[in-house]
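Each of the next two complexes has chain A plus one other chain: chain B in the first, chain C in the second.
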Partner chain A sequence: MKMTKLMGTAAALAMLGSGLAQAQTALEGGQEVDMVLLPKFLGILVFDQANEGAQEAHAELGNPGELLFVGPTPENSVAGQIEIMTTSATQGQGAVMLSNNAGDQIAPSAKAAQDAGTKVVTWDSPIPSGEGEDVFVAQVDFGSIGTVMADMAHSILGGSGQMAVLSATPDAANQNAWIASMQDALKGDKYSGIELVDIVYGDDQAEVSYNRALALVDKYPDLGVIMSPTTVGIQASAKAMQDEGLCDQVKVSGLGLPAEMVSYTMNGCAPEFALWDFRDLGYLTYYTAYGMATGQLTGELGESFTAGRMGDYTIEEDPGRPGSKRILMGPFTVYNKDNVEAAAQ
Partner chain B sequence: MTRLFLRVSPQALRITGLLFVLCLVVLFFSTQVDNYLNGRLFNRISSSVAIMALIATGQTIVILTRNIDLSVGSVVGFTAFATGSLVTAYPDMGPVPLVLFAMVCGAGFGCINGALVAYARVPSIIVTLATMALFRSALVEFSDAKSITSGSLPQWLVSFPNTKLLTIGQFQLRAGFAVAVVVVVLVHILLSRFRPARRFYAVGSSPEAAEMAGINTRATVFAAFVLAGALAGLAGFMFLARFGNITVVAGLGFELKSVAASVVGGVNIFGGSGTVIGAFLGAILVDLIDTSLVRWQLVSEFWREAVLGALILLSVTVDTLLMRRLFRLRQAQEHEAAKPKPAAAGKVTKEGAA
Partner chain C sequence: MTRLSSFATGLRSWEGFLFAALLVILAVNAALTPEFLTVANQINLFQLSIEKVIVALVMTFIIINAEIDLSVGAMMGLSACAFGWMFQNGVDARLACLVCLGIGIAGGALNGYFIAAMALPSLVVTLATLIGFRGLARVLVEDRGITDFPDWFDALGQAPMLGPLPFALIAFGVLFVFLYVLLQKTGFGRRTYVIGTNRDVADFAGIDSRRHKFILFVASGLISAFAGLLYAARVGAVRGDVALGFELDIITIVLLGGVSIFGGKGSLTGTLLSILIVLNLRNGMALMNITGHIQTGVIGLLLIGSVLAPRLRLPRFNRAAKPKEVSP
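Moving on, here comes the complex of A and B:
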């Protein structure tokens, strides 16, 4: 993460040096532009938090336009997202802020929206090919999530043991990228004692995740940790281990919400987990989209701007998706029994 | 051997067949998966099937009347969430009012389905396809993007499904499973012994004949949906107790699983025949295959659904073929039995021609 941030800064400096580049753009508020915040689907706490952050930025910038929070229902996520994208373009929305759950299937409608003059800013989960996307606001460097997860497994297992992954859906772009980066990280010497035995999918549903977690324990009697990079999966796994009295044997870790995980962290079922702030992510995404929709940002590589209370950010190339652009938010917090109770309030 | 076949009822035969298939599946996986045959397997399957057994029971009642209820998954999700909100707001509420609330809430949704199907005469597949989406959207709206977490639920509720009533070695009889078994057996006895409940079969076998026999077919169909709703509501309560963490996706896909459980369990999709015991065994079979496939090294994540689908198709096909052959055999036997008396045989032919 440090490396890429340095590179981003270096690129910005180089442009400054060449005398062409914009200095830090301070976004001017008060311009009218209608925007749409489009989550994967409605009814999950983290997306609601992102909306709170976006609303905060909306008020702060004094945009007289409208900020709509619309999303599909869970069973209709892919088709619903494509439909909302198309409708937004027809309505002439200034920008769509998308947490993509439709893989590359959304690219044609996103491209059509761009052609109609609507900016497409992704957040949380990008369009894998980068097609139809202006810029991706990354919560954290996808490569560093892998290292953080590997580190948590390392500390829980005490250096060696078996680990299994319980993910969301098999085609979730962000989870797949994080798992791949963890597999990369595990190749390092430090983690040579850790064996990744299986990857299963709980479809982000409590009951599927719960049953999958138990099946993992049955399948691998020596399993030491279940790593779940999704807030639904980690909670369901922890509950399953607690219900079956397996917490001494199998620990749970991954990405979770402090409010949902606090009891499991305190009783030792999930000693460590990580997450970033979804409110901040919504806030930064709004600033980016507002800047682009009002034409104050061009979306060029190396362009820098100030995002209100969060400080300065730079558009850089996405190392995970060559040819695509991203803005890196970072960092994230690792929670354990020392800090989880305060965060859960 | 054939004598025995003829003496027992087709439904009893079907249940025996299902038990046989269950044993086969268990035996097969025990050769494929290490550490498979033990009490743990029983505990896993029994706890996880408890919820689906209740839903499949309701689904069976609806299918018996030649209808289908695709909204049960959404009803389970909504009642789980609503019950969770209620108990979060009033933590002192006891089990009885809470269960009643869940069942009344589910029955309320069942009333909507039932009224539209029975009285407005809209086909049930259309009605419940629409209400599946409507009830789910109602949940999204009601939940206000919040979720219920197990931390906010009272301890008695969270620990209820895993309370051990009886322990024999590794085998545990847990409260959640016991509730499901009691409900299934109760509904089974009602459906097979209780006169008003026989109407579900009558309406499903032949609505015209039922009408002529003085049965109020509309009220019967309505009642089937209300019962299915109430059972889905009870399942929602159990869902809340077991998983604790309820989001808007709770119960997603349960409608198809419950249809699968019923059909695998020998409930005729065209109505009129089937038992809830069969549906219960069907639910166990589907759950067993699903759980076992996860542990089977040979099948990758991406093929699991396909293998499950193929197994369901296979079991239903085999069942249909076997049953058809059996009926033919039985008919032939009856024919044979009727033969010695030429006059009676003639009568049979006449009736057949008429």
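Moving on, here comes the complex of A and C:
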């Protein structure tokens, strides 16, 4: 056991040397390290998908250790994440892969975990201050989301027409930033024919969003597309348009889950929408955490490695959080009739 | 004949049953998880829920008094958020702590006024203040996080103070001893039981039950605000949803400890045993990597059992839960 660890370290050091020469670390599989995948909470499809991706990487790398998928209940998310982070440090886990839902409240327990020798790799949602975090695996460059949504509106409207936004809540930080970034993008000449007529909020509840979508159609008879940057809103809007037989006039787009949107894309109610692939995110996060927990990656800026089927990635400074590090998975996947069915499996 | 005439009688009491259950849980945890008995884990086990268990002590008084305080979690959140807001606006952190304790007293007095002076049901009053306090907390800091508190403040919640013991754990110990003596050995404690058993009788006996209830709710507000500050120190950051829903965990612990929701029955020994059971059970399940939903389910089953058991074996289980004397 100790011997294999030593050999692992030697191999890692040797590889580090060669890595410096080629600037690309190929991760060596088969090293034993226990790791925890910690979602915001349980019972959400996308986190299960991330787990599938991580399990795939776990098998691929032949790690004889254990990959655990444990999470709190939704109503106990913050305290539960802190508890699991603390317990993982007590257990001596090699790494915790965290989709953070506790803001900076997780930082002290994450720092304590690091002190105990556990690597903390965040994915999906980072620790805002970067304290207690080794690296953040970012699904997309959030700055690019505005252009992606503007492009989908452009394509659906055929260049000109009216668009309304149906968002989550008025104080949802992610959504507000994305809408602002889309409004910026819309200033470009390419989008001069698109008029943004209104922004409404469905509180990320299916029924509220459904009714708001119908109210938008009543209020703006010439509306061409409802853009919803939330998975709840986009599904509810598409269902509302379908139920009322409005899909010929008003299309729905935004950020959605293939599994939830597939029928609306195939029947033309939501011809295009975007998201990142959570399986890929879990897969890349696992490679990153495995590399760090086995000592093959040091987590320094500029370090590059190969993440299996997904190719090469580099650790860089996070532009949104100065002083923190990230690995950018990007770009968005835009789903349409051609690829949505495969992704919905 | 004394209550503790034999070990067997003791075991048949609710506290005896809890004690036996605790021993089983400790044994299983120690046998199945090598990390369980380490000092660090034992400290963590308390630290992770320390704010809840501190408030559970004062909640024991409230429920024995045949009242309920649903606003404790919201008051913890309000106190933590008020601290964060003041700190962000340049108020000295020490002064901010004092102001937060003042907010706790004021909030408790508000509850106490409506419940004691206006004779409104505490369920309704504290449900309303739960919403009010939480709303205020969210208005103060919204969903942004406030962090970077002074080092001494963070250290209060995170660093060991006496040997391996952090400040919050010491505070819990001191508070427990003080409240135990108060409830079990003083006239104040006896009046808490008498009013909870039958308020009319207490009033006829000349006990000022309105004043008593007012004091209890002020104490509940104060301790909740204190616990909120401890939480802010432990996690080193606050957000509008701090301590959201904690009241249910707190009330669960108290009821599991054998305190009757109808008042008049229960003890701090029971609450302490219940605290130890819940924390050790959660810790053991976490170390065994049992996931959140199942943990909640097990605690829920335990609570159902604790409500059912006294009904199934009423005379025996209630014996020890009664106070020794019921005269003021």
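Simple rule for what comes next: the second predicted complex is superposed on the first by the 211 of 345 C-alpha atoms of A that agree within 3 Å, B and C clash if a C-alpha of one lies under 4 Å from a C-alpha of the other, contacts with A are read in each partner's own complex, and residues count from 1 in each chain.
Criterion: contacts are C-beta pairs under 8 Å (C-beta built on N, C-alpha and C of every residue); 3 or more make two chains touch, one makes a residue touch a chain.
Given the structure is predicted, the values throughout are model-derived calculations rather than measurements.
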> What is the contact status of A:A107 with respect to chain B (first) and chain C (second): first, second, both, or neither?
Replying inline: second
| Between chain B (first) and chain C (second), which, if any, makes contact with A:G159: first, second, both or neither? | neither
>> Quick one: is A:Q235 in contact with chain B, with chain C, with both, or with neither? Answer first, second, both or neither.
In response: first
**Asked** Which holds for A:L42: it touches chain B only (first), chain C only (second), both, or neither?
**Response** both
| message | Let me test your reading of the model: by the given contact rule, A:I199 touches which partner, first (chain B), second (chain C), both or neither? | response | first
>> Just to be sure I read the superposition right, which of the two partners does A:V78 touch: chain B = first, chain C = second, or both, or neither?
In response: second
Pick one for A:V70: touches chain B only (first), chain C only (second), both, or neither. second
* For A:G268, select first, second, both or neither according to whether it touches chain B, chain C, the two together, or no partner. => neither
Touch check for A:Q91: first (chain B), second (chain C), both, or neither? second
The intersection of the chain A residues contacting chain B with those contacting chain C is 41-43, 73, 75-76
In the complex, chain C touches chain A at residues 35, 38, 40-41, 44, 48-49, 142-145, 147-148, 154, 157-158, 234-239, 241-242, 244-245, 282-283, 286-287, 289-293, 296
Chain A contacts chain B in the complex at 41-45, 47-48, 51, 73-76, 170, 199-201, 204-207, 210-212, 214-216, 218-219, 221, 232, 235-236, 239, 243-244, 259-260, 262-263
The chain B residues in contact with chain A across the complex are 33, 35, 40-41, 44, 48, 51, 133, 136-137, 139-140, 143-147, 149-151, 162, 239, 242-250, 252-253, 290-291, 294-295, 301-302
Contacts from chain A onto chain C in the complex sit at residues 41-43, 68, 70-73, 75-76, 78-80, 82-84, 86-87, 90-92, 102-109, 128-129, 171, 173
